[in-house]
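Input: a single structure, listed below in structure tokens.
Chain naming follows the written order as A, B and C, and within any one chain the residues start at number 1.
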Amino acid sequence: MRFFRNYSRSPAAVVGLLLLLVVIGMAATADWFFPQDPLNLAGRPLQWPGANPRFWFGTDNSGRDIAAQIFHGARISLLIGLVATSIAVTVGIVIGAIAGFYGGWVDDVLMRVTEAFQTLPNFLLLLVFVSIFGSELLTVVVAIGAVSWPAPARLTRAEFLSLRSREFVEACRTLGMRDRQIIFREILPNALPPVIVYASVVMAVAILLESALAFLRLSDPNVASWGNLIGLGRDVLRTQWYVSAIPGVAILLTVLAVSLVGQGLNDALNPRLKGR
Amino acid sequence: MSAILTIEALGVALPPGADRPHALHDVTLELRAGEILCVVGESGSGKSMTASAILRLLPPGVAIDGGRIMFEGQDLARASDAEMRAIRGAGIAMIFQEPMTALNPLRSIGDQIGEMFAIHTDLDRATIETRVLALLEDVRIPDPRLAYRAYPHELSGGQRQRAMIAMALALSPRVLIADEPTTALDVTTQAQILALIRDLQQRLGTAVLFITHDFGVVAEIADRVAVMQHGLVVEQGNALDVLSAPQHDYTKALIAAVPPLTAPRPRAISDTAILRIENVSKTYRTGGFFGRNRRVTRAVRDVSLTLPKGGTLGIVGESGSGKSTLARCIMRLVKPEAGAVRLGEIDFATLTPAQLRASAQRMQMVFQDPYGSLNPRRRSGELVAQGPMVHGMPREQAMARARELFALVGLDPAATDRYPHEFSGGQRQRIGIARALALEPEVLVADEPVSALDVSVQAQVLKLLAELRERLGLSIILITHDLRVAVQVCDLVAVMKDGEVVEHGPIGRVFEAPEHEYTRALLASVPGRGFAAGRG
Amino acid sequence: MRVLALAGRRLAASLPSLLIILVGMFLLLQLAPGDTVDALIAQMGGGGDAAVVAELRAFYGLDISVAAQLGNYLWRLVRLDLGFSAIYGKPVSTVIMERLPATLLLMSASLSFAFFFGLLFGVIAARRVNRWPDTVISTLGLVFYATPSFWFGLMAIVLFSVHLQWLPAGGMESIGAGLTGFARLADIASHFVLPTLTLGLIFLAIYLRIMRASMLEVLTLDFVRTARAKGLDETRIITRHVLRNAMLPMVTLIGLQAGTMLGGSVVVESVFSLPGLGRLAYEAVVQRDLNTLLGIVFISALLVILVNFLVDLVYAQLDPRIAKGDG
């Protein structure tokens, strides 16, 4: 309970949470508001928002309902964000924990691999994955996760490196605890908070990465993703710019919400640092 | 003698939500020309806050809310920012506790000292350089020219503090405020810095406000002393008067907590050795890729010691002497590359990890940092019960044992539900001791168990160790840098320097008739050793 | 000199990572359905008799064992022979060299823009922390960070090119205008304004946040208190003591973000039709020219390593503790 009170001290964090709830709400009620497939033709193409009361945000070049695509797109974005982030954070935590705890050559090898992933521009690596393995949604999500794990790994490793030499860890060793127990039951609960907070950054980046891929027509064309819509709108940018503008605002607000919530979590978990 | 700095009924308020409304309440002090006034107190007494208030360097949210600070006819509490900036450094200068962090790591020493002149005077660069070099000579820094161009990380702790003193005295201020300047230094270095401060003070006629928690330091250099507790001044007067005939109860308690350096009568201990440390060596090799920075540190060199059954062996030394590394070699937190650690028939130095886990209960450790040695996410009872549970004891039984142990170390058994952050520093050390005792070890290795605690709490924890030693028949190895601590509980002592044991023997003999010159230097550096000897 | 040797050693230490990248890329290639020859055949309209296909395979060295192919591949890379692009009909290295200048120009401009303004606004935000300048700057920073770069680019085109007609909508320069000398430079510059802004905005947000946090952190350090006790005023404390210390994490960040910036250029170059490496990568993916794609990956990795090397040099200049070695 005290955690919620800490969290609500920052107005920005509260705004972020509300925004996020709105997006989740959109995703949850998409079927209720727009039961048809959002990629079906719904009306005359390129109607402006507000011109036709049936289409809140107008229609796109192919005559599909933009509002439907926005609502269903929320599902896709949140799904991608959550799954890719889970993959990245899980892989990152395991690798970072092992590297940070054992040090020595294990750490060297794992860090060289991490460095390899970080030297490559991750969007380029994403392009390579997509060109080899295809553009289905699942592939894209796994690829984004595979590209995003180095940062959580580095963070986890840093936490483990600093916690490993703390006296309570030495105490566990003198008590005769096995390594496995020390890593997962003693150190990890202390190392997790900053990594969990960082997961919000990973999620924000994952959503942006997928939308960039979709914009370039390299993501799954069979889902109503916001990026897809922006790409579509590029063809009619000069006149019907709203086709690109509206989904962009949606992405902006979602990523903003995720970032604000992440920052709010960080401040709530470290109240001493906030009082600057 | 006239007063240079007068603090009258000073009050400093803390922001709402702090554990008390005032950091300082009705504080009245007087600093006279050419004297050293020591302000003594434990943590939370407000002594550092007083120093910060004088220069108006209080942290955000904390403000002066009453009283006056008179300096040269001006009330500093009400002076403007511009007036304060003119006084800082030129009229009143300050030196701090941690010389490493108190200096900008990216600028050279000469640059930073020279800045003093650049701020307050119009001298040109060449003159400033000459003056800075002269200052560095005054504080007796080895090779002033080299030090001038050096960066802080290239100097030792003592040298950095000398540089800070040079910086503070650059403009011959009338008042020098020293906020625990020697606390972070080695005993021998501390003695040198204290002597330096006193010498400079006499030559320049500066008045010094010296903040400390150590009554030994008070005995060493103070002309007058003021004792603070919870933001109030409880007693002040001439140093000799206060030390020999303290009036206030708190002062009496503080003085009593500073034990004399003479060993108590030796008690009878058995002849059989329970732990034999034979020719243990540990060398650290650091070297990154491609041979850069290959550095070889011989932390422990061929150390051999014996711990008699039921006795207490103290290992004393300054930082870098290898005593902590030796403790970790004994406990096998670190593997020595040579030597044996024999407990009975088992040699701990060569056990495999599995064997080590099995034999863990025979030797246990008490750690230094009361805040870092307990996992903040576990309840204190669990922390004590963990050891037996790892070795197979069922949870119920282990928790019951934890409650017994809490009572044994003087804590309320019902407190086993609480988290570490709900206890004080001294109580946390007790929990650490309880944890170590949970496995019923034969040997207890205590690594600086009281150095992070306030003086009054130190005595209590050491008394607890002595009691437990009697009751449970423990054999203890006590690592410490503080000779006064060693004297209270140890039967034997070994003095370490640079990884080697330079002298060892019964503590009474070593302290009264030291044979090695380093032991003599160490004993001579303890501040206020003379003061202790005078008391009954 | 010492500094150079130190950075040189760090450079050498990144070789294993480069090796891992290259081997990894090669192995990934093996997983691709079809290879260069299949792509060629497909381009030629499909179906060719088996003998021709086998000959082609032999010509491209695709008929020997995987391990031998790996050896060949690495050996060629060492000599900077990146293979042949079936799509462009030119050696890959030539194609890449043609496109490199535009990308380098874009990246340098964006980096400078982001670093300079990130520094400036971070310092302002830190000095007026929790007051309205800080709130405005921090909020804007967050919004820029959350904005998809391609969307911002598109909206910028709509506003500045379509409606206001101040700036061109794409391309690197006005083709066929026959401009030379200074006029040509100005023309190129005007074409780069929007792309630089688009790519730089996200990094501006990141640098701003880091600079602000770093300044706030440094302001709590002990030596700042010492500086105050010496009688320094706030401005001089900031410029003479805090700034240099606070900048260190920013400098490190440049190295860490180099890869992300290269990745970002793919999208920005596509939006603004700039003839750079990023867009080349996109075209290579679409046209299944894996040789070219891998060539770009290799060059990108080299670029990132080079940038990190330069960053190490600069960092060592700023922080004397590094030149001495780990203390």
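The rule is simple: a contact is a pair of C-beta atoms (placed from the backbone, for glycine too) under 8 Å apart; a residue touches a chain by one contact, two chains touch by 3 or more.
Predicted, not measured: the structure shown is a model, and the values here were computed from it.
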Contact graph of the chains (line, ring, star, complete, other): complete
Chain whose average C-alpha position is farthest from subunit A's own: B
CA centroid of subunit A to CA centroid of subunit C, Å: 22
Separation of subunit A from subunit B, taking each centre as the mean of its C-alpha atoms, in whole Å: 47
In the complex, subunit C residues that touch subunit B: 6, 9, 12-13, 221-223, 225-233, 240-241, 244-245, 318-321, 324-327
Footprint of subunit C on subunit A - complex, ascending: 12, 112-113, 115-116, 118-133, 204, 208, 211-212, 215-216, 218, 227, 230, 233-234, 237-238, 241, 244-245, 247-248, 251-253, 255-256, 259-260, 276
Contacting residues of subunit C [partner subunit A, same complex]: 14, 16-18, 20-21, 24-25, 28-29, 31-33, 129-130, 139, 142-143, 145-152, 154-155, 157-158, 162, 216, 256, 259-264, 266-267, 270, 281-282, 284-286, 288, 290, 293-294, 296-297, 300-301, 304-305
Complex contact set, residues of subunit A against subunit B: 166-168, 170-178, 181, 186, 189-190, 275
Parts of subunit B lying in touch with subunit A, wherever the complex brings them together: 61, 328, 331, 333, 356-358, 360-361, 363-365, 367-369, 372-377, 386-387, 390-391, 432, 435, 439
